[in-house]
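To keep things simple, chains are lettered A, B and C as they appear, and every chain counts its residues starting from 1.
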Amino acid sequence: MKKNTILFFASSLFSLCLLISVTALAQTDPLIEKVAQKLALVNDYVAEGTMKTDVSFIKASLGKVKVYFKKPNLLKVKKEGGISLLPRGGVSLTINSLLNTKQYTTIPVGTQLLNGKNVSVIKLIPTDDNLDWVISTLWIDPLEALVYKTATTTKENGSYEINMQYGEYAKQGLASKIIFSFNTKDYKLPNGITLEFGDEDPTAKQKALKNKKGTIEITYSKYTINKGIPNNIF
Amino acid sequence: MWSIINVELYKIFRRPRTYIAFGAIAALIIVIQLGLKIDGNTYAAFLMKDINDTLTVDGKVLNGYLICYILLQLLLVHVPLLVALIAADMISGEANLGTLRLLFTTPFSRTHWVLAKFIAASVYTILLLIWLAFLALFVSMWVFGTDDLFLMKSNYVVLIQQNDVLWRYVGAFVFASFSLLTVTSLGFLMSSLSNNSIGPIVGTMSAIVFFTILSTLNIPLFNLVKPYLFTTHMNNWKEFFDIQVNANNEAIHGSILNIPKIKNSLWVLTFHIILFVSASIIIIKKKDILS
Amino acid sequence: MSVIKVQHISKHFGSLKAVDDLSFEVQAGQVFGFLGQNGSGKSTTIRMLLSLIHPTSGSIEIFGKPIEKNRETILEQVGAIIERPDLYPYLSAQEHLQLFAKVRKQRIATTNIKETLEKVGLANRANDKVQTFSLGMKQRLGIAIALVHNPSLIILDEPTNGLDPQGIADIRQLIQHLAKEEGKTVLVSSHLLSEIEQVAHQILIIHQGKKMVEGVTKELLDPQKRIVQIKTTDDANALQLIAVGSFSNYLLPRKEGIFLKIPTYEIPLLNETLVKAGVALLGIETKNSLEDYFLQITSNA
């Protein structure tokens, strides 16, 4: 009886484990797991780099930035002694932030050729309703387990495309360059507020209306990884 | 010549009226600074409504540099009226007072006196501008701190790095001095035509208001004369705060978008100053002093 | 030597002839009285002398040089007050003098400023603002401004305006002092001729822009050439008697009253002639002041 009981519990436990592992297999693509594992090595980082803002209605010069990251999804971009312009809600959509939540299911879509590389395309659907993104597509190099592109649709802040390039810190899955692409809305302030009268340039206006895609490019020069970051930075 | 400039300056700064303008500027600036200090973020949020739809702006947007720009935008339209208060009174005021005949019976030519008066009025104008710069720029920097200059124009936004701002203000103030000296010279011309103070002051103010309306209205007929009106050029100090971008849409540090426009405006303003002052000299030389 | 030489100057304001073909000369060291009623053209002439007004025609020489071309050099040696004493209300008396001392090419010492203020009786009000001054005090300050740089020609247009009797006497004394003691040439204008006749060596009377008479004061005031107004019981008959008799040469044409420019010794004979003809003499008034003379000339013109 005692033996039977033990056997029953053992078989139940096994069945439960099997069920869990089967479920997990069905929801998380191994490639994503591989990427996540790689990223999991990074608890926090401070990255130094330059940021370029390319939005049709913004004239801004290159600026030095520091990007702070801390698990699971704390992220802050700080421009050194200056004002920074970042895509609304978009900065938190880095790979680390997306994958570290682990609250998603994956749907492999197939493979694609991206910038001469054969990449797997996997869609991520969040399982937590509180997350502010609806769907994200990842273009992943299966050999390096590196994400080269993501396209994320958010609940409130539109869609973002993030392109990544890798260099020195590829082992940790950290990009050397990130390009955020996003749709911009119209910008217009009445002349009565800006007190700019009679010197409108109609061609500039037309140009501004035509080009409605904005990009923000961050090129990293140095990462400081796992040295600890206080929470008050974020 | 220096002695009569000295005399004119002495008279200007002994007159209580002179300090009205300094007081008015101080009061206006302090009120605006106070307002922005208390409720500036609401104002900034209102300005950035469109931007905030797309982007998050991180940093001290409402810093001393932006406050100064806002103040200049508001004040440089009205300072000419304060300048007119003194400039348009320089000759006619003395004619009205009867002291012009005392001056014109001294061993200096009328040309010398007119020039001395113009130089003295110009010194007053420049001092007024320096006062404005001190309050609007340095006091704002002290009260609001400094950061990049985030300028929201009608159709686009310019983000100028902190270390690229101050020289632009120097340029803007130098430019503004030309604008205000044009007003001084116009006031002078009006002043030379009259024997009472009120007429030229009102005349100068009316002329500025009239030409400003012509300059700002976008009517094809007016567009023909706009390039020749001094009022069209007076506000082009703002050009110092527009920046060039390269092919990658990166703003070029230390650049100005439209230098020819600034140069052209300076020429037009200088031409007006010379024209108005020369006309004043000719009128005064020919005038019989009957007051 | 002529300090001022005015030749045929005229000034027209539209159709109004403010000054009409006026000529005169002022000699060095002389006090020249420039007389005329208000609006007679005195101030316009003085303004032309100081190049405040451009003459329509004619020429003005001061210190032997045409004013038009030598304005600055000439004005260095000229001090003037013109009509009202208009000054800067926000400055004190001392500040006024300091200011006008600065606009002179030669350096004027502070002691000079003090002395000038004492000379015009304003030393005790030196630091008071002009806005607190009476008209008379302003007039004194105006004169001080004209004197502060020690000019050789002083032009005073109505200098006694607004002054009390003591002030008028002071200015009269000052003018005499400037000419006698300091050898300055003074051109003084007034409509109050009684003031001028006591100080001027030479007098010019102007009316409606025209010179009426010019002469040495002593001659104009000669008792032998006094003007006499007679009042009788029958003026019409008396006038006829004089007009046809031996006194006709002395008769002055007047609209009202009987005026004669008659030597004193002839007066008893005139009286006798009239009494014989049955006209009784009620009174004889001798008009021996220049003011009466001036009034008669100008009222008859």
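We take it that a contact is a pair of C-beta atoms (placed from the backbone, for glycine too) under 8 Å apart; a residue touches a chain by one contact, two chains touch by 3 or more.
As the structure is a prediction and not an experimental result, all values here were calculated from the model.
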Averaging the CA atoms per chain, pick out the one whose centre lands closest to the mean of every protein CA shown.
B
Comparing the two chain pairs, does A-B have more C-beta contacts than B-C, or is it the other way round?
A-B
Using mean CA coordinates as chain centres, what's the gap between chain A and chain C in Å?
101
Starting from the mean Cα coordinates of chain B and chain C, work out the distance between those two points in Å.
52
In whole angstrom, how far does the Cα centroid of chain A sit from the Cα centroid of chain B?
49
Where on chain A is chain B touching in the complex?
52-63, 77-79, 81-89, 91, 182-191, 193-201, 204-205, 208, 214
Residues of chain B touching chain A in their complex?
47, 50-61, 73-74, 77, 147-148, 150, 152-162, 164, 215-218, 226, 232, 235-236, 238, 242-243, 245, 248-253
Partner chain B, residues of chain C touching it in the complex
47, 50-54, 71-76, 78, 80, 82-84, 86-88, 90-91, 95, 99-100, 102-105, 145
Flag every residue of chain B that touches chain C in the complex, lowest number first.
3-4, 6-7, 10-11, 14-16, 97-99, 101-109, 286, 288-290
